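Note that the chains are named A, B, C and D in the order they appear, and that numbering of residues resets to 1 at the start of each chain.
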Amino acid sequence: MNSVDLSVNVGGLKLKNPVLLASGTVGYGNEISQFTDLSKLGGIVTKSLSLKPRKGNPPQRIVETPSGMLNAIGLANIGVEAFLKEKIPFLKNINTTLICNIAASSIEEYVECTKILTNEDTIKAFEINVSCPNVKEGGLEFGNNVNTVRKITAEVCAVTDKPIIIKLSPNVSQISEFAKAVKAEGGDAVSAINTLVGTSFNIFTRKPKIKNITGGLSGPAIKPVALAKVLEIKRNVDIPIVGIGGIMNWMDAVEMMIVGASAVQLGTVNFINPNAGVEIVEGLISYCEQRSIKKISEISGSFQI
Amino acid sequence: MFIEKAVVRSVEEIAEGIFLLSAHSPSIASIAKAGQFCNIKVSETDFPLLRRPFSIFNIKGDFLFFVFDTHGLGTKILSAKRKNDTLDILGPLGNGFDLTGDYQTAVIVAGGLGVAPFSFLIRSLQDDKEMVSYLGARTKKKIVNLGLKNVSMATDDGSYGFKGNVVDLLKKETLELSKKKFRIFACGPNPMLKELQSLCIKNNYDCQISIECAMACGFGICQGCPIESYEDKNYLLVCKDGPVFNANAVKL
Amino acid sequence: MNSVDLSVNVGGLKLKNPVLLASGTVGYGNEISQFTDLSKLGGIVTKSLSLKPRKGNPPQRIVETPSGMLNAIGLANIGVEAFLKEKIPFLKNINTTLICNIAASSIEEYVECTKILTNEDTIKAFEINVSCPNVKEGGLEFGNNVNTVRKITAEVCAVTDKPIIIKLSPNVSQISEFAKAVKAEGGDAVSAINTLVGTSFNIFTRKPKIKNITGGLSGPAIKPVALAKVLEIKRNVDIPIVGIGGIMNWMDAVEMMIVGASAVQLGTVNFINPNAGVEIVEGLISYCEQRSIKKISEISGSFQI
Amino acid sequence: MFIEKAVVRSVEEIAEGIFLLSAHSPSIASIAKAGQFCNIKVSETDFPLLRRPFSIFNIKGDFLFFVFDTHGLGTKILSAKRKNDTLDILGPLGNGFDLTGDYQTAVIVAGGLGVAPFSFLIRSLQDDKEMVSYLGARTKKKIVNLGLKNVSMATDDGSYGFKGNVVDLLKKETLELSKKKFRIFACGPNPMLKELQSLCIKNNYDCQISIECAMACGFGICQGCPIESYEDKNYLLVCKDGPVFNANAVKL
């Protein structure tokens, strides 16, 4: 037994610890489980699922940038039906909390996906991705419009009893306005941030390095922005926050919790160190032990300003 | 598959800007197959951020070997490694070459550092197979001919062997080849593989190609390495479904 | 003589080459001139000037982040009057184009500063900073509001004949809407981007590393975002763009021009290599020579999509 | 002031985690004064991004010396430099100590690596000055006593010399000191300097302190290093107006 209580409650969703693996950076769990013990994590968030399978964007989809990477996967996924049939059997047995991430190109599709998936017991909560920068329909057209976010939240909440986490776009002036809208419509939590819109060009061919032209920037480069967005939400809205963006190690995770996150998600780091989640859980334990912090949840939003 | 902190034994420049690195990596070495690759963290910091994929060039006992060309920052850092530095290696990755089946002659076609996987492949082939190799390079100084047998050479500038590309060289010799049952194993730059692919599809040659593309994870979680398939309407992933494919399976 | 014509025209402002040093990263030119030959540059942009001197924010003002830095200088400057008296004599003789950057906490103050400074011949153009993330009044309150930007542009343009460049905030969903507003009101060009809002906390004291709590993120980390913002403007609005953000070397400068910039500004790199500007000019020349590009302006917006 | 590509001659660990680095840097060496510093690019890549400021520890001929504690990534990279590596050094920066004026005894007060500027200072003092030194460290293993004369030691844990901080040690001896005209030269962590400052202001001691703070450029263009002044309502800049100030001039 740990001397530290690592459990957290994120808007009604109980997690054994605050370390989650982020959507799109852990697939459906099977590949990464060869490198890490998923049962030691707070939970995993699936790749964004849509009603029908999506092929995703043509290559090249990724490129490295200074301390970051751009991706334009384009929500490639197997669709809700195949997910239930092919992936749930494995996910039933990983002994960690499963959060389903949903992306859609219409409000109806969000609702429909949630309706279908909510019957599956293994799924403990939904993360609604209204902030993918890499698709034509849905994506930022939704995520950068506070009224659409409001509407999606309301309608999705209406069809499930499970906690709803709305994943917010950082590509807006005031992210806290979006968090307010989520709260007002009954959303249980927000997660922040999704990727920043970026691009990169080959100076010899003058073509974009990513076929989709722009992509989403992730990794340590965006950590200062992610921290500022989480802090802005924390200081303005009373809603649980899942902090995401550039977390590479336990110190980054602590920093994200201090500025307001109840739990954190790891994205890009999984590609480099697929065992990072477990290492971060261990780091959080020693941080707490050394400071006689009894419950990890005490550090959430404990900034001294 | 492992994440192994390997210890560098040596790094040598074996041709202009091309290095051979060996590292003690017993876990990976014990299970790797020819045609697989590893995803290597070249620095101990978070910069450069992503791992770099490299074919397993060879295995001797507990040691892995890689050959690489200095391309950008990552390979530059790798080339500056010294004995006893540690190297964080993730592997072995991908599915490797399929060596089983009914063929007498293994025909190796390599463009530039496309030779990387073949030392290992040759060692892995059964003794009863014959072997011929076609090796292309930009110029004489860039030739890396390590462990290949019965080699015919082509250089773009004609500074050594046949003047022209390696697929043209191969074309000249297919008549001779086709007397026996053969399988082509190929690796090299995309334009070369494309040309080879159309040759093979046209003539219905048995051919396996190893493909490079941008990668983040290397093991199937990022979806960053799609390749169009002839059979499946979805993309395949180069890192997981490849990097070796049948030449008629994927659109280059 | 160069075989390449490096001169560019940015909304009526003629520059001998497209490499400028960015506001706030070159002071008033005197210190950096010890390390570099300013006369070889296209121009320099002064630290933001306000009507009265500003003391700026208390320390700590800067912190390093992965491939970037945060700053919250708070527009410390000597004020318009002292600038004219103390700095212009030196700036008269640097033999490069002088652009004055103005920051203010009211529309009237912008107008007043411009009126006073426009009489000084040495000043060839104005860059209006509506996007400083580090001050309470003015700053992003202005820069993230398209109507305010519209108004500032119109009023400033009315009091000077010199080219007006509006420096835009990247902390918005659609930067091209701001560029449109600038164009509509008679602005001659836009510059993009100013810094992204970010923060960083000490995990032991739980205090912000920067006294101002948040700061502006600059450096290579933000280059992909800067490129995407410039590209967005270029594809949507017909107005000259000065590209800024994360440029470290000539390749970055070329990339910024390819996505749409007529000229570029160097910021953070000056702190690390104060001679970077001159090196970049040299790099641009060889890039053009090797590709038989006769006029550097040909590469602006020459992306192949 | 120059940007000089210096060639590393040696890097040695002289105390636990504390290194002495020497580099051939003739231009900077030829003009530097005691108390000035250099801003060093520790890597050849853009990571870590900013230069790192270090006091000039000493100068011998064309060589600059720095002592540094391994703190974070930048100093770790610096400690791994080897002979003949090049190091991009910008300097000399700041205004250094004012050695002129009417005093008989130079009193050096150094906390931890606050010793950094004093080897050079001692060499720069005129021969007719007397010298006494008070040196504090956390613990015995961390003591760096290079080139100081007439040293009294304090360690926080009492593992060597006086148990306690160096300012308390100094206080015990000021009676003795005040028989002569003296000037204090001090460098060390901020809390130590603060304590020393109030001692000096109270007793009207002549004292110069060298201050550290976060810096980007190091030469006055970023405005990143402000310090509150007692005389001027504007901030002073540590890099340009300092790093050495009269103890009564700035608010710590």
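The working rule: a contact is a pair of C-beta atoms (placed from the backbone, for glycine too) under 8 Å apart; a residue touches a chain by one contact, two chains touch by 3 or more.
Only a predicted model underlies this, so the values are computations on that prediction, with no experimental measurement involved.
A count of contacting C-beta pairs for B-C and for C-D identifies C-D as the more extensively joined pair.
Each chain gets a centre from the mean of its Cα atoms; for subunit B and subunit D, those two points are 54 Å apart. Put simply, the C-alpha centre of subunit B and that of subunit C have 47 angstrom between them.
Look at where the CA atoms of subunit C average out and do the same for subunit D: the two points lie 36 Å apart.
In whole angstrom, the spacing between the mean C-alpha positions of subunit A and subunit C is 34.
Touching two or more other chains at once are residues 66-68, 219-220 of subunit A.
Residue positions of subunit D touching 2 or more other chains, listed in rising order: 46-47. Contact topology of the protein chains: fully connected, every pair of chains touching. Listing the residues of subunit D that touch subunit C in their complex gives 1, 3, 41, 46-51, 90, 213-228, 233-235, 240. Residues 66-67 of subunit C are the ones touching subunit B in the complex. By the touch rule above, subunit C contacts subunit A in their complex via residues 65-68, 70, 140, 144, 171-174, 196-201, 203, 205-208, 213-215, 217, 219-225, 227-228, 231, 246, 251, 254-255, 258-259, 287, 302-305. The touching residues of subunit D, counted against subunit A in their complex, run 46-47.
Of all residues in subunit D, those touching subunit B in their complex are 45, 47, 73.
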